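Quick one: structure below, then a few questions.
The letters A, B and C name the chains in turn, as written, and every chain counts its residues from 1.
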């Protein structure tokens, strides 16, 4: 039991930090530009695939740096030559542009790397058990992931609080309409934020791609979850995104291990109803199987009862 | 002694830490034309937004014809017979002039959320819309999308949309702002005509319009009503001159 | 005498389009005789209803939904369950009316989800719709007694008695059943735009604040509009169930939701007939391109992105842009520049197709070293020569198209100038 709790905690922390690497970029982009970027998880996927390709030539470590940079440049180009020209058609067109982009990236990835998962593996140097805790090995790569994601977290924090561009971004977060009046090069800042956010997603892809599975559907799987994170956290709030990432990571990770259904629960009280049809299905659902729906249930309830999200200051 | 059309009791409104409306008490008599004046930023539009349910009040009580309407939503207040116009023209820009008027008539003619009537076939509705178009002298512009109208025309349409529902309490927020002399004159006579036998509350900057139309005037300064009186008394009130008229004429 | 003629013409122009459409629908299967094309026509009919119902949200009420297939799929499931109940002799409903089961089932769900999700429009609505869509899709595997698990729920329409006495065995009979429902739905959805609720949906889309000051609750207007859209999506789903006699959990999923969004948008959301064009074009593309090339999803994606960037008002928008020009009899001034643009566009298109097909052959075909053929020409994808041609075509096409577009802009400028002069 203790072992289950310990490893679930580690796993949920890992998953949560991965989610935060994605949701932080998405949050920055949304609060600065008002765009809900549906292609954000696609940049995550591209990070994984780029890293895989680079690791084929020169190994994992150069990829750790090059892949996120490539994804960042790609993101900046998308902003400059795609989004900016759609901007005049309004928010719906911007949103749909990113939807189309996500769709296209998935197809292109399949075109280049095929429909099946690619063997993107963790580097040999980190492929060992770092410590043995409570009879189970804790792999070095997980610890490495944790270090990278925490490092990124600190880096992001420093950039936002210490640098000039960070101060502009912060101003934009709190006063979304005021930035353009400050006289900064707004289009330039937009491009930088979009590129930077994409690079963060790319980095998450590099270290997450070999932890999860690098396949063409990975963006479609993770994308909606990241939306859930930023809605639950409160749109535009980085702190909220952080809390929500960890929360959702925990919910999904812990739910997997709970093999309990409502009928088990009722049995505890000596009740053994034998209904048929939908009710039977409902009673038989095990908590461990609810993993896929929990985030959405959480999000829908949140939007209905607390539209601001956990930490949001404004309504979505 | 009839009930007041609108009655505000100890109404406060704050946004964050700044208090915009500070203990306003006001009674508007049924059938009178009442103007609210005051320097910029005094909270006149906020007052309108509170009465019409656009913002909730921080505290206090608002009554419409003797029934409490505090913090009801806009559409509920509208259905009880209060209608308003906006300082910035607020119509349906993509619809034609005629459609604008017809939409504004739908609720009170009883069609509500109907999806089993065809608007084009509703004779009474279309006749009423025609009458109203005539009233605001826009019959000839009926097919023009409202967003393409000239400014003064949009203001006239705004008044048309506001009075269409036949509310007996009408709030007009700066109906003549930005108009030329002749346009203002026409607007004033239109307002006079369409608010006949109704209660009118208006915010207005043009003093000649105010003194021309209003039966009584309230002066709002820094969220407080400093006085409510007849136009003549307001003209001679030294506090008002200090706070408002003096500045304006200087 | 002359006046009467004019009135006759007016009647024709008012209802003529509908009559012509009906005639086309009736005679179409006589021109398309193969099983494939008739089943495609059936699918198009279903897609038209679905896309028009989607536009009741996006176009008419300004609600961008990512989960409209929930009602399509649920409509299918309701219908197939009722169909099976009828087959078992528990109740008696003629086959022709079964799609209504989908419609009414969907409307009830639509009222609930509509009320929950339409308090605010814009981004919150889009996100809630995505959430609801994922929620239903993800829970479909948890409720096998309703969704039938992996293999779905199937039925047999031949066991249900038909009101008209027709045996609905062959595709053509089902085609006419779908055509009937499609035609009825199109007329009803068109009439709905003319009702108080339809007008108010537009009003709430453009200015919810004002709508509430003429007595309407925007939330309730959206909810009703949403429920009605769900009704027609449910009808479409019901027809799907009757057509294929099987409904799987995929029908409630993200793919049909995204699909209907794309067809509606490509067709054009600003005009009533736009989604019809989109449904016809996209369904045709999906079915016929899928036969021609494995890379059709890429073409589809490129088309969608291209529309978002260059023609956000859709095909209908492009057509209607020419209406005033047509009326002013100035089309002849535009046509030469259009004709000039066709050539480079074709070159660019050709180059792009070659590029995609060759890449596709190289990475995804069973044997990349086998010679491939394109437009009747056989070549090896590994040799540099085809790549060179591809790049050459793309560059030349792109360059020439830039110049052609300049010409088109120029002639538009001239036309606009003339029209302005004439109107003043």
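Keep this in mind: a contact is a pair of C-beta atoms (placed from the backbone, for glycine too) under 8 Å apart; a residue touches a chain by one contact, two chains touch by 3 or more.
Nothing here was measured: the structure is a model prediction, and the numbers come from that model.
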{"item": "Touch-based graph of the chains, sorted into line, ring, star, complete or other", "value": "line"}
{"item": "Top chain pair, ranked by how many C-beta pairs fall in contact", "value": "A-C"}
{"item": "Of all other chains, the one whose Cα centre sits farthest from chain A", "value": "B"}
{"item": "Separation of mean Cα positions, chain C and chain B [Å, integer]", "value": "44"}
{"item": "Centroid distance [mean C-alpha coordinates] between chain B and chain A, Å", "value": "49"}
{"item": "Approximate Å spacing (C-alpha centroids) for the pair chain A, chain C", "value": "32"}
{"item": "Residues of chain B engaged with two or more neighbouring chains", "value": "none"}
{"item": "Where chain A touches two or more other chains at once, by residue number", "value": "none"}
{"item": "List of chain B residues in touch with chain C within their complex", "value": "52, 54, 73-75, 78-79, 83-84, 86, 90-95, 99, 102-104, 106-108, 111-120, 161-162, 164-165"}
{"item": "Parts of chain C lying in touch with chain B, wherever the complex brings them together", "value": "191-192, 194-200, 202-203, 206-207, 209-218, 220-221, 224, 228"}
{"item": "Footprint of chain C on chain A - complex, ascending", "value": "36, 82, 85-86, 89-93, 95-97, 99-101, 103-104, 107-108, 110-115, 220, 224, 227-228, 231, 235, 276-278, 280-282, 285, 289-290, 292-293, 296-297, 299-300, 303-304, 307, 315-316"}
{"item": "Interfacial residue positions of chain C with respect to chain A in the complex", "value": "58, 64, 116-117, 119-120, 122-124, 126-128, 130-132, 134-135, 138-139, 142-146, 254, 258, 261, 265, 295, 297-298, 301-302, 304-305, 308-309, 312, 356, 359-360, 363-364"}
